Structure formats: structure tokens, C-alpha cells
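For clarity, chains are labelled A, B and C in written order, and residue numbers in each chain start from 1.
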Amino acid sequence: MTQTTDAPPVLSVRDLVVEIPTRAGILRPTDGVSYDIRRGEILGVVGESGAGKSMTGNAVIGLLDPPARIAGGEILLNGQRIDRLPRDKMRHIRGDKIGMIFQDPLTSLNPLLTIGDQLTETILEHLDVSQSKARERAIAALEEVGIPAARSRIDSYPHEFSGGMRQRVVIALALCAEPDLVIADEPTTALDVSVQAQIIALLKRLCREKGVAVMLVTHDMGVIAEAADRVAVMYAGRLVELGPVQEVVETARHPYTAGLMASTPRASLGHRRLRQIPGAMPRLNALPTGCPFHPRCDRAEEKCRQEPAPSLGACGGRAACWFPLDPGKEENAA
Amino acid sequence: MSSLISVRGLTRIFDVSKPWLNRVLERRPKAYLTAVSDVDFDVEEKTVYALVGESGSGKSTIGKIVVGLLSPSGGSVEIEGIDLSHEPDAAKVDRIRSDVQMIFQDPYASLNPRWRVRDIIVEPVSHRGGDTEGLAEKLLEQVGLSAHDASKFPHEFSGGQRQRICIARALASNPRVIVCDEPTSALDVSVQAQVLNLMSDLREELGLTYLFISHDLTVVQHMADRIGVLYLGRLVEEAPRDRLFTEPKHPYTEMLFDAAPRMDAFGREVNPPQGEIPDAINPPSGCAFHPRCPIATERCARERPEMRTIGDTRVACHLAE
Amino acid sequence: MSDTPLSPVREARAMRRLKRAWDSDFAYSFRRAPVAVISFLVVLTLVLAAVFAPLIAPHDPFDPATLNLMNGFTPPGEANAFTGEFFLMGTDDQGRDVFSTILFGMRISLFVGFAAVLLAMVIGVTLGLVAAYIGGWTETIIMRIADVQLTFPAILVAMLIFGIAKGITPPEYRDQMAIWVLILAIGLSDWVQFARVVRGATLVEKNKEYVQAARMIGRSGPGIMLRHILPNVLNPVLVIATISLALAIIAEATLSFLGVGAPPTKPSLGTLIRIGQEFMFSGEWWILFFPAVTLLALALSINLLGDWLRDALNPRLR
């Protein structure tokens, strides 16, 4: 965020707050989140279930389920605010400028239309081309995502494809209108390891070639490590750490990130006990005072219980923590 | 060597035909899915044996056969020398049933939402008319929950806590073997670590044997002593953990290792594996992996490879050496 | 432990339980739904009025000794021209107080309704559970019978059963047996819905892992169905039962209206409406109007309550 570039970032989220009014009070599944994604960059958003990572993505594309609503902050796409746009305008932007890839490819494809129909329809809606030209583009898009014999398979229905192929179709659909930003919400969670590797590789290649900004939402640290350029770690609706992926994974500053890394089993560990973070993520209706992580944190002091954690931007650091780990001085738990 | 579980030539075929009328009208033959095909392995007492594989590999089916939820179509599973599906002596069958317990994948579906935690935990004992006085409380403390939790209902607990309750239930009848079917795949990473640590501790304390079923290589590598790799219902390779991870002999095992996302592989550019898992109703001829195998020969398409022992690895590949 | 029901500990515990019930999501959604609250109050009032009919009713309409033919056709809210007696909802041709006959008629309607739904529920839930759990041919046979029965209107099935049952009961018992035959007819015509819903819910539940866990322990099929699955499929049954109650009361009224239900000596709301419609065009509107409005209020409130219950118990709408 400290780097300066000439062009504005593709997506810029500033102090985003999402609220859900409920009987017990107002819940904030996303609270004061800020980040940028630049052209050709993959930002990984990682967190455990309930951390608010999907909610942030849904807020960006204007698809919050009521009664959830954006209660503060701003969202800028190519420097223009999009969080206050009327519904129909937002829908146009969603297809035109933002592509979406969800966990379950079946829900993003219409089972009653052939994939060719769906692709050409999207292309015609957002690009000014003729019908036959659109079909050619659709075939090219399918070839690009690695669907063999695209010309003969374009008139097939979604159920005639396997899970991995379906996710490729979804990617083709998300990219065919040449968006600036792609939001991929757990795109490989439902897939097998070998297919997951194919999809990740495809996503990386296409984004690099087309210069698309990608927000990759996932709970899998391994996927983030391999695919993302920078990573944003979320906890209880807040951004707790944001930085280049290798730095965050290898030398985490926030105690939660460090704990998350240490509790992931990996080869070097052997049969040794995993380091575990005690307890579980608090429910949104029972957030502790101060820093929401303090009850599980072994570095917590009185200040953490009293005062809310510093915001990422304010302290100029990578981690929203009063007492961040300093890997230079002490041994980082691994 | 004492093997507690001994699986021989295990085969399970499911009838996946359409209803009779549809078959007649559409002139289709009956369709069969071979979920498990001729699998042999032994699990030694007080070790962790892991079965890994992707979807359709038959790993969960094997787990269900071992605990007696499914019967084999061919071959046998012997536990303590007793074959559950052919044993006429009801008392012996009952003993095996309390000796073998299971932990399921989805902690939200594996506890009856209308039952109190106490009743859930002691069911394996109370069902046989055993003494359950204070049992639930003792087990809850053993798995890191509080004795007061016994009178609560499952919905008052988080996913990780529910999985602890499942473990407590599995321990209630003092089992020797626990079949763990993807016990942590529904849990978050930090909670997964808690549950895996608990399982390791319990194993040492109680001298348990685990049959650990998972698709997650990192978890398997952390937990297992010996690992069997399954592909399309067939055991393709089996080796002690370190041997398998340092010297995988089957091309599929190698492919699986390469494809798994790694925490230390920043911006790794790999050539992703080719193809997808074939349809188990019409598996490829010969070696099931040959259409995706980078080193396949003409023999692989023709002849199903036998399991061969090379050092302490068993591998089903014509070309492995 | 003290045996007094109001020992302080117990009292505190009961208070806590009440407080928790009041705070529950279920109670909250009830308080927030005015339609449900009003419907509930209407049903409660009518049911209480029916239960305590002998205490509330100003007259006993079934005791000929108290009837005075001179009181016939007294309009509501007016004193009778001959006897000077006053009737809230007027009287019928024989001088019976309409208000009292409604109270007693409602008793019969509600009793028949509840009993018929109970019968339908027991049959339907049992068959639905068995069909889904056992599967195969058992399921095919049960569900095909259900499908066939669904192709006939329930009231037709009820009339068929009623006719057969009436044919085999000796004439001297007919009036006595009429109510029980009515319950049997309505109950048998209504089990299909329960069976279908329970079968669907059971098919979902039986594949859940807690059922597998119970099977692994070695529990028997009936044990699993009763102890594990049944408690988890009761929510939709409760909804269907409520809506069925309204339908059963209407079915009873229809049968009685057609003259094949409750006898005039023991009139239900339907019988009253049938009697009333004979006087409809001669100006004595109240004999028809008040029983009809009561039936409408009862059936509508129960239906609305059932609708709310369905939404409140639906986890997806929460």
C-alpha cells in the first residue's frame, strides 16, 4: 500500500464496514477493511470460516444478501466509487468490469442453456460485436481455458462436463467480457487435488496474460502461497495482516497469522505436535472487547483487552497488532 | 508381526442401474460401479494406517466396510481374526463392534441434534446395557471439554467441539481401532491442529490403532505411520510414510505430490497434471492410471499390474523399480 | 430434595426455563407476527369455549325438557315475542339457543378434527418412516397406494369409507357410531400427506452420519427409526398436522352438511349449517350465519397459525 504507481489501483477498498442488523444488535461481519489490488496482481484473502472474507467479496460486487448492508467506507473501481450505485447500474458493472468465480461451478451456470449460449450472451451484452463474431470469441475463450475440442463441445450443456471442466467454463465465462477485476471465491475447494492444480495454474496464467486484478478468497494457505502475490489475513471481520505472500507466510507479524501458519501440518514437522491456537473464532454476536484475538493470544496484555487493535494503515506496519512479532529479534514459531 | 486388521482381495461393487422401467424403455443394461477392487493391506496394532486418494478412490467405502456399515462384494476384512460379514457367533460380532469405532467427516451431521451430549456419547455402551454412570463426564474431560457440557445439545457447540464429542463417543466402548473418515476436512486450520493433536495424544495414552482416511496429503503425512494410495478403487502404492514421501514409486503418487499446494512454493510454476479422474463405471483397461500416466506403455493399457514388493514399498506398476 | 412443588430451587429453575422459552427465537418470531398472535388467540378462545361448553352455554340444546317451541325463530338480540326470553344469537325452529348449539357443535367438530388428524398422523408417519427406511418394494407399494389415493378428492374417499362403515354397522348403533365412523373416514383419507412428508424427510435424515453411527453401534432398524430419525422429522409433521386440522374440521363439516356426518341429535358445526340453510331464504338468516362464521374463524385461524409455524420452523427462512 505504500508503493506508488501512476494508475489508480483496479480495486480500492477503504474502511469498508458491512453491518447486519439483528434482534440481538448490529453485527459487523466486515469491520474497517482496507486494501488495494493493482493490475495483474493476485491478492489472496485468507481466513477461517466466519472471518468475513466472503462477505467482503460480496460487498465489492454489490451482492450482499439483505438485511446485510454496507454501513461505511468506500469501494473504488478504477478510481470510481461503486458502493453507492443503483442496482441496475451495478449489475452492468458486475458483468462488464468484474468477473466472478464461485466455489460450486454448478450454481454459476444455467443448467438449461448450452455453455455456448451462456458465453455468447455474456459477450453480446458487454461487447459490441456481431452474433457470429461473439460465437467465435466464445470458442476462443473455451480454447484458452483448456477445453479440448472447444468447437464441438460449445453446444453441450453444463451437466455434460466434469467438475474440473465446468470450473474451466466458469472461468471462461468470467473472463470473456474482458473484466478488470476477477473475484474468485474458493474456486478450487470442491475440486480434487490434481484438478485444483490445473485450475490454479490456469487462473495464474490468464491473469498474467490479460493483466486482470484478482481477489482470491480461500481458506487454503497452500493455494494462497502458490498463487497470490500479496495476502490479506482476516480474523473476526477485521484485516489483521496484509503483505507480500512470502513475507507473511515465512515471517508473520500478527500472532494470529503466525499461529495459523504453525498449525498447518507440513512435511518438516514429522510426527511432532502441531502448534495449536487455543479456542475458536468468536461468534460475531459475542466479540470480545479490545482486539478480538486477545482471548486466544499468548502475547496479549492489558492494552489488548482495553483498546481496539491499531488499524493497519495507522501503524504503518503489516499487522494490526499492538505487540507484533519481530522475526528479526526473536525466533519465530514454526 | 501382529496385524489387527487384515484386508484381503476386498472388492465392493454398487448397482447404479436406473430403475427397472427406465432400463426397459431406454434399452440400457444394468450398470455397476466398482468402488473397491481387489485391495489387500494389513494394519498393525498401535499404528496409524492412512488411506489417501481423490474422489472416487474408494477410501470411504473401505472404511465403511471395515466398521461393518457395508458388506464386501468379494474378499474379506478380518479384525482380530474375525470376519464381520461371515461370523456366525453373535457374541464375537458384538465384541468386534465395540472394538471398532468410527469418527465421521461432518461434525454437524454426525450428532443427533435432538439428543443431549450425554446420551450421544454413551450410546455405544448404553445400547448394550452397560454401566454408563459418570462415563460421559469422564470422556468429555478426556477430550478437552467440560463435564458440564454433558447436559447440553449439539447445536451449542462449534465444529471443533462437536468433533471432540464424536471422539468421546468413539472412545466410550473402549475400542482398539478407530476408523477416522476425513476427521478434520470440515474444520478450520487452527481447529484442525487441536483435533489432530488430541487424536495423537489419545493414541499414545490408550494404545489405539487408527485407520485414517483422508484426501489431504499434509494431514496424512503428519499422522500416518504407513500410507496406502488409492486410485479408482485400487491400491496403487503402499509404503512407510517417510519412504513414500521421499521415494514415491508409482507415477500417480508422484503426480499427487506434485499437484498438492505447498506452503513453501511461492509463485511455483508447475506443469499441472493432465486429465481428470475417469468414470468409475467404465474404468480404463489395464492399469486404471494409464491414460494420464506420463510413462505409460502399451502393456499398461492391456494388463492390470500386480502388486509387487520392492524394499518396504508395495507398488502396482509395471514400470516401477 | 424437597417434594413441595414450589421449593425455591425449583421455582428458580422453572423461572429460568420460562425466561429462556420467552427469549427463544421461536417465541420471538411468534411475538413479531401479529397474524399468528391473533390466530392463536382466536383458536385458544374457541377451543376453551368448546371444552367448557357445559359451563358457558346458557341452555342445554340436547335436553328436550328445557326447550320451548314458543321460543322458535327468535331473532338475535331481540326478546321473544311470546315468552320475552332473550337469545344472544337467536334460536332455531325448535327454539334451541343458537349460541349454545354452536358451543356444543364446536366440541364435536374439534373432537372429530383432532382425533382424525391423530389417526392420519399415526398411520402416515409410520408408513412414511417404514417406506423410506426399508426402501425397495415396501416403499414402492406404500407410495403407489398413496399416489392412487391422492388422485381421488379426499372428501370422496371419506364418503366411500363412511358409506362402507355405515353399511356394516347395525342400524340401532348407527347414530352412536356416526362420530367414530366420521373420524375413521377423515383419518384414512388424510394420511397420505403425512406419509409423503415423512418419507422425504427420512430419506434425507437416514443418510446423515449420526444414523450411520447408530447403525454401526448395532442398533436395529426400528430402534433407529424411533429413537434417531423420528424426533428429527417431527417439525414438518407438526406443520402438516396443524393445516390438516383445519382441513379435517372442514371435511367433517362438509360430510355433515351433505347429511352423511354427525346426526341432528348430536349436531356438529356442519350439521348446524345444513339445518340453517333450510331457513336461509325465509329470513331466519342467523341460524345459518353464526355457525358458518364460527367454522370460518376456526378453520382460518388454524390455517394461518399453520402457515406461520411452517415459516418459523423452516431453518432456511431464519
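What we mean here is this: a residue touches a chain if its C-beta (ideal position, glycine included) is under 8 Å from a C-beta of that chain, and two chains touch if they have at least 3 such contacts.
What you are looking at is a predicted structure, and each value in this text was computed from that prediction instead of being measured.
Placing every chain at the mean of its C-alpha atoms, the farthest one from chain B is found to be C. Looking at contact counts per chain pair, the maximum sits at A-B. Distance between chain A and chain C, defined via averaged C-alpha coordinates, is recorded as 53 Å.
A straight line joining the Cα centres of chain A and chain B is 32 Å long.
Residues of chain B touching chain C in their complex: 64, 67-69, 94, 97, 101-102, 104-106, 109-114, 123-124, 127-128, 169. Remark: chain A residues 48-49, 162-165, 192-198, 200-201, 219-223, 225-226, 229, 245-246, 249, 259-261, 263-267, 269-271, 273-278, 280-281 touch chain B in the complex. For chain B in complex with chain A, the residues that touch the partner chain are 54-55, 158-161, 188-194, 196-197, 200, 215, 217-219, 221-223, 245, 255-256, 258-270, 272-273, 276-277. Note for the complex: chain C touches chain B at residues 208-210, 212-219, 228, 231-232.
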